[in-house]
Amino acid sequence: MVAGLKGIRLAVVGGDDREIYLIPELQKLGAYIVGVGLEKAPPIPGLTLVGTLLEAVSQVDVLLFPMFGTDERGLVKAKYGNSPVVLNKEVLQAIPSKVPLCIGWARQALKSAADMLGIRIVETANLPELAILNSIPSAEGAIQMAMEATPITLHGSQSFVIGLGRTGWTLARMLMGIGAHVTGVARKSADLARAAEMGFQPVHLSDLEDQIGRAEIVFNTAPAPVLDRVMLEMMARDAVIIDLASLPGGTDFEYAQMLGIKALLAPGLPGIVAPKTAGKILAQVYPQLILRQLSTVNALV
Amino acid sequence: MVAGLKGIRLAVVGGDDREIYLIPELQKLGAYIVGVGLEKAPPIPGLTLVGTLLEAVSQVDVLLFPMFGTDERGLVKAKYGNSPVVLNKEVLQAIPSKVPLCIGWARQALKSAADMLGIRIVETANLPELAILNSIPSAEGAIQMAMEATPITLHGSQSFVIGLGRTGWTLARMLMGIGAHVTGVARKSADLARAAEMGFQPVHLSDLEDQIGRAEIVFNTAPAPVLDRVMLEMMARDAVIIDLASLPGGTDFEYAQMLGIKALLAPGLPGIVAPKTAGKILAQVYPQLILRQLSTVNALV
Amino acid sequence: MVAGLKGIRLAVVGGDDREIYLIPELQKLGAYIVGVGLEKAPPIPGLTLVGTLLEAVSQVDVLLFPMFGTDERGLVKAKYGNSPVVLNKEVLQAIPSKVPLCIGWARQALKSAADMLGIRIVETANLPELAILNSIPSAEGAIQMAMEATPITLHGSQSFVIGLGRTGWTLARMLMGIGAHVTGVARKSADLARAAEMGFQPVHLSDLEDQIGRAEIVFNTAPAPVLDRVMLEMMARDAVIIDLASLPGGTDFEYAQMLGIKALLAPGLPGIVAPKTAGKILAQVYPQLILRQLSTVNALV
Amino acid sequence: MVAGLKGIRLAVVGGDDREIYLIPELQKLGAYIVGVGLEKAPPIPGLTLVGTLLEAVSQVDVLLFPMFGTDERGLVKAKYGNSPVVLNKEVLQAIPSKVPLCIGWARQALKSAADMLGIRIVETANLPELAILNSIPSAEGAIQMAMEATPITLHGSQSFVIGLGRTGWTLARMLMGIGAHVTGVARKSADLARAAEMGFQPVHLSDLEDQIGRAEIVFNTAPAPVLDRVMLEMMARDAVIIDLASLPGGTDFEYAQMLGIKALLAPGLPGIVAPKTAGKILAQVYPQLILRQLSTVNALV
């Protein structure tokens, strides 16, 4: 089901290396791409660079902002930009109502402003398909970090995966594929049953305290303060924590440091460890999304 | 989290070999068990046999009916019974309102009657935990059937799994573990993304027609008429279909036969191919369920 | 590296369903095939049937006898033959010295006779490539037998594989792929190290006695009397033995029966459980073998 | 089969972090350990440090030199040494004939000298058990390097493993466990058959030229100049080579650089990426080795 993007004009705004791989894929499907904040990127044939965000919004059918979204002042992450790209009130007011604004995570302020101005915000980071595909580079990034941080092999190690969601399943499966003894920690009995089926040792979150003492590597994917002082106290001092939960993670990092437990926060791995794969994932998901958004918008108009 | 059943009285009504393995496990947890329709079963120490269902309902705290439920006339499947065990109006009226009736699948008529009489029906077959654990014997049973029905090895075969639900995931994973080339067929893009992550070739249901021609073995788990005349026409005549969907399955069996395509219906595998495992699965899930039901009932009283 | 067989004349002598799949594959590569003992087989276009073995040997460049070889009186297994096909002295004397005789297993008497008569016997069953590929249908056959013979699932079972040779590795890997807890039993420390790497619990043969008590299913692939009275005594009475070792197997079957332990002998599985795959395996290995034999013979002449 | 080392005196000479983990394990088995070239190591209770190698050789039953052996001038690698530790003629002459000298790789000069002096050299790096167990940290190290060197995920990548020996099998299995499409390249048809059984695409070395164009990551484990100019020319310019073959590797690194192909040499990974696991592997293999050597020596005396 390849979706054609012929005749559709897209603005790619800032981002990182992922966008460098994404743009040619969208062009291959027929899209015309306008780039903002990409001045210092390696040249991409057919890409039209414009100087400001304001210029871009009036020329396109869809706006594509990066996965990281904006900071609290509206600054868009733009690794290859010459000057700051800011999504401010003036820009927002200039966005035509039928132009959807796709962005990884949207801050509350942005959502409110968009709401008032009648702009359609499409948050992409939590699209199930995208989140599952992104779990692949995330899991590999976490594995790489664990390999770097430990003097042991993952093979034969006691590895715990806390939280069996999109990233948790992928990570647990890969760890087992390498040869680790994987313990899957979750709250739902259905998840624990599935963990058992897949060959992980299932542990209910409420029993984690009794089990964590044998962990050599702990991967946390649960967006909750699971690895708190009490839990950290139960852990081996030479265990290593890789925390994949979105900021601020689920670990009491200060306390871990005090105990001498190495704990690393691993945010936004896909764009860092495998930008090419992550860019291709976007290229796989965005076309359908764009077409769906445009047909919805047009149906409303 | 082992749940104690000390002091709790349970009636096990009919069933098959699973119940033979289930009863001792429940006894180990402290339950007192009354059996109905188990006269011809191998003797189980500590089991009290009663002659009729009516006798049983007045003596116990919870009623456990088999996974298959009853037929349209209320007849309970009882492989080891001497005489028919029937869940009729008289029995239903005798069930105290605080005694939950657990049963795999409940027919609509039973649900309506129970509703009117204020009896709490607990359908267990669709409990997520139980359904996932039961997918293990189901998948192995389907694999065994496929091994028996084909002149090829699963290793190296083009095996399609239609429907990526509880049984579909388990089956696809096991097939890959043996060495098959697995194609996972689903409708949701999230399921297709997960299929890709797990190493299956993802195919959208709407593209199945174009792909099914290369299938050597097709496992259907989708409760819908997927393998209809049009689809069967596209299949190789020496392909084999194993249909795991609940009755009547998802295959046009008559048409398959006409085309010379071997198609087998595989209903209720857990109790047939691995009754001991299936009984232990019940023994793993029921205690929590029983305690939860009793505490709910008591809270209401 | 597809080998062409253009202009080469082959006799396929007896055999079972494998040969039915093998012949067309050899024909596709250009070989001219003469069949003996195949009168009742489904008709194969282009196959020339001859009435006697004597007739065949004078017309071809290479003789292909079945994997099972002959019985002690020279009788060739010929599932689809009309009358007995016998490899007797008269036939042997008629085989030109430059015509290699390929056969699965050759009895000592046959080898001696061939030696005296200057006939080149090529035993194929122990060709490493063929033996490894045949381990796939063997392992699946053993898995199927275990599924049929036990009331438990392989998933989650304690499965022992005794002997980590060609079939042992394949079987252990597949069992783990299904979800069994696999114990690999061997004598060499290198094999035990590899077992650990692959995720099996390694047990030295000399420690088997201490471990076998926890086995639920025991697969024997070692051609030695490993499962003797002492070992059987240590086993659980409801364990199941699948013995894959060549006749007479490695189990004291009588004693097992006396103890109530179910023990099954599984000889020659490839041709039985997956003749199509097994035939294709022969078709994959034979062309290179034939060409190598012919060039050796010609070099000698 | 835990081997006791009670009453046995061992010298651990130089080495790296592996030895830090090895020593306590040997002590646990009852060995008395003398250390040379370990002055700056974290203190190990019960370890007796001596100042020179000469001092050590007269006090012990077995000498344990590091996996890396010595350089051409006899210098022993000693990460934690205060002053150079040299295995020179004087030292060799002082080694009693019944004291075996265990060392990873021994240079030819060392072997000749030992031969003349009647010293038993035991090369450990090629012990099958040790080599297989060491393939685990080697493979993980190679995977870590590949993750760091590529902008793609291993999952879904076209990964080639050249050489299916001890490290090749482990690496290929782990890559598949992560989700890579693995191509196994070897010369022996038996290895290619096993590769097919394990789910890798088998490619004969003589066909590599036709296939390597699709490789995204190439792992070389063959100690031969496989990745020469001709082969490199056929590769994609953005492919990455991880060369695990012992020095000087199997890649024309200069030519690769000229073509813009990233190629990395990965020697001696176990001690670098997972010293704790590598030390425990030594601790698993050495006791049996030591006992075997001592009993051989004593039998000879």
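Letters A, B, C and D name the chains as they come in the text, with residue numbers starting at 1 for each one.
As a working rule, a contact is a pair of C-beta atoms (placed from the backbone, for glycine too) under 8 Å apart; a residue touches a chain by one contact, two chains touch by 3 or more.
The structure presented is a predicted model; accordingly, all values stated were derived computationally and were not measured.
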Neighbouring chains common to chain B and chain C, by label: A, D
Which of A-D and B-D has more C-beta contact pairs: A-D
Centre distance in Å when chain B and chain D are each reduced to the mean of their C-alpha atoms: 52
Chain centre separation (chain A, chain B; CA means) in Å: 38
Geometric centre distance via CA averages, chain D-chain A, whole Å: 38
Per-residue multi-chain contacts in chain D, two or more chains: 136, 155-156, 179, 196-197
Contacting residues of chain D [partner chain B, same complex]: 155-156, 179, 196-197, 199
Sites on chain B touched by chain C in the complex: 17, 136-137, 140-141, 143-144, 147-148, 150-156, 174, 176-179, 273-277
Chain D partner contacts - residues on chain C that touch it in the complex: 1, 128-130, 132-133, 135-136, 169-170, 173, 188-190, 192-194, 196-198, 204, 206-207, 288
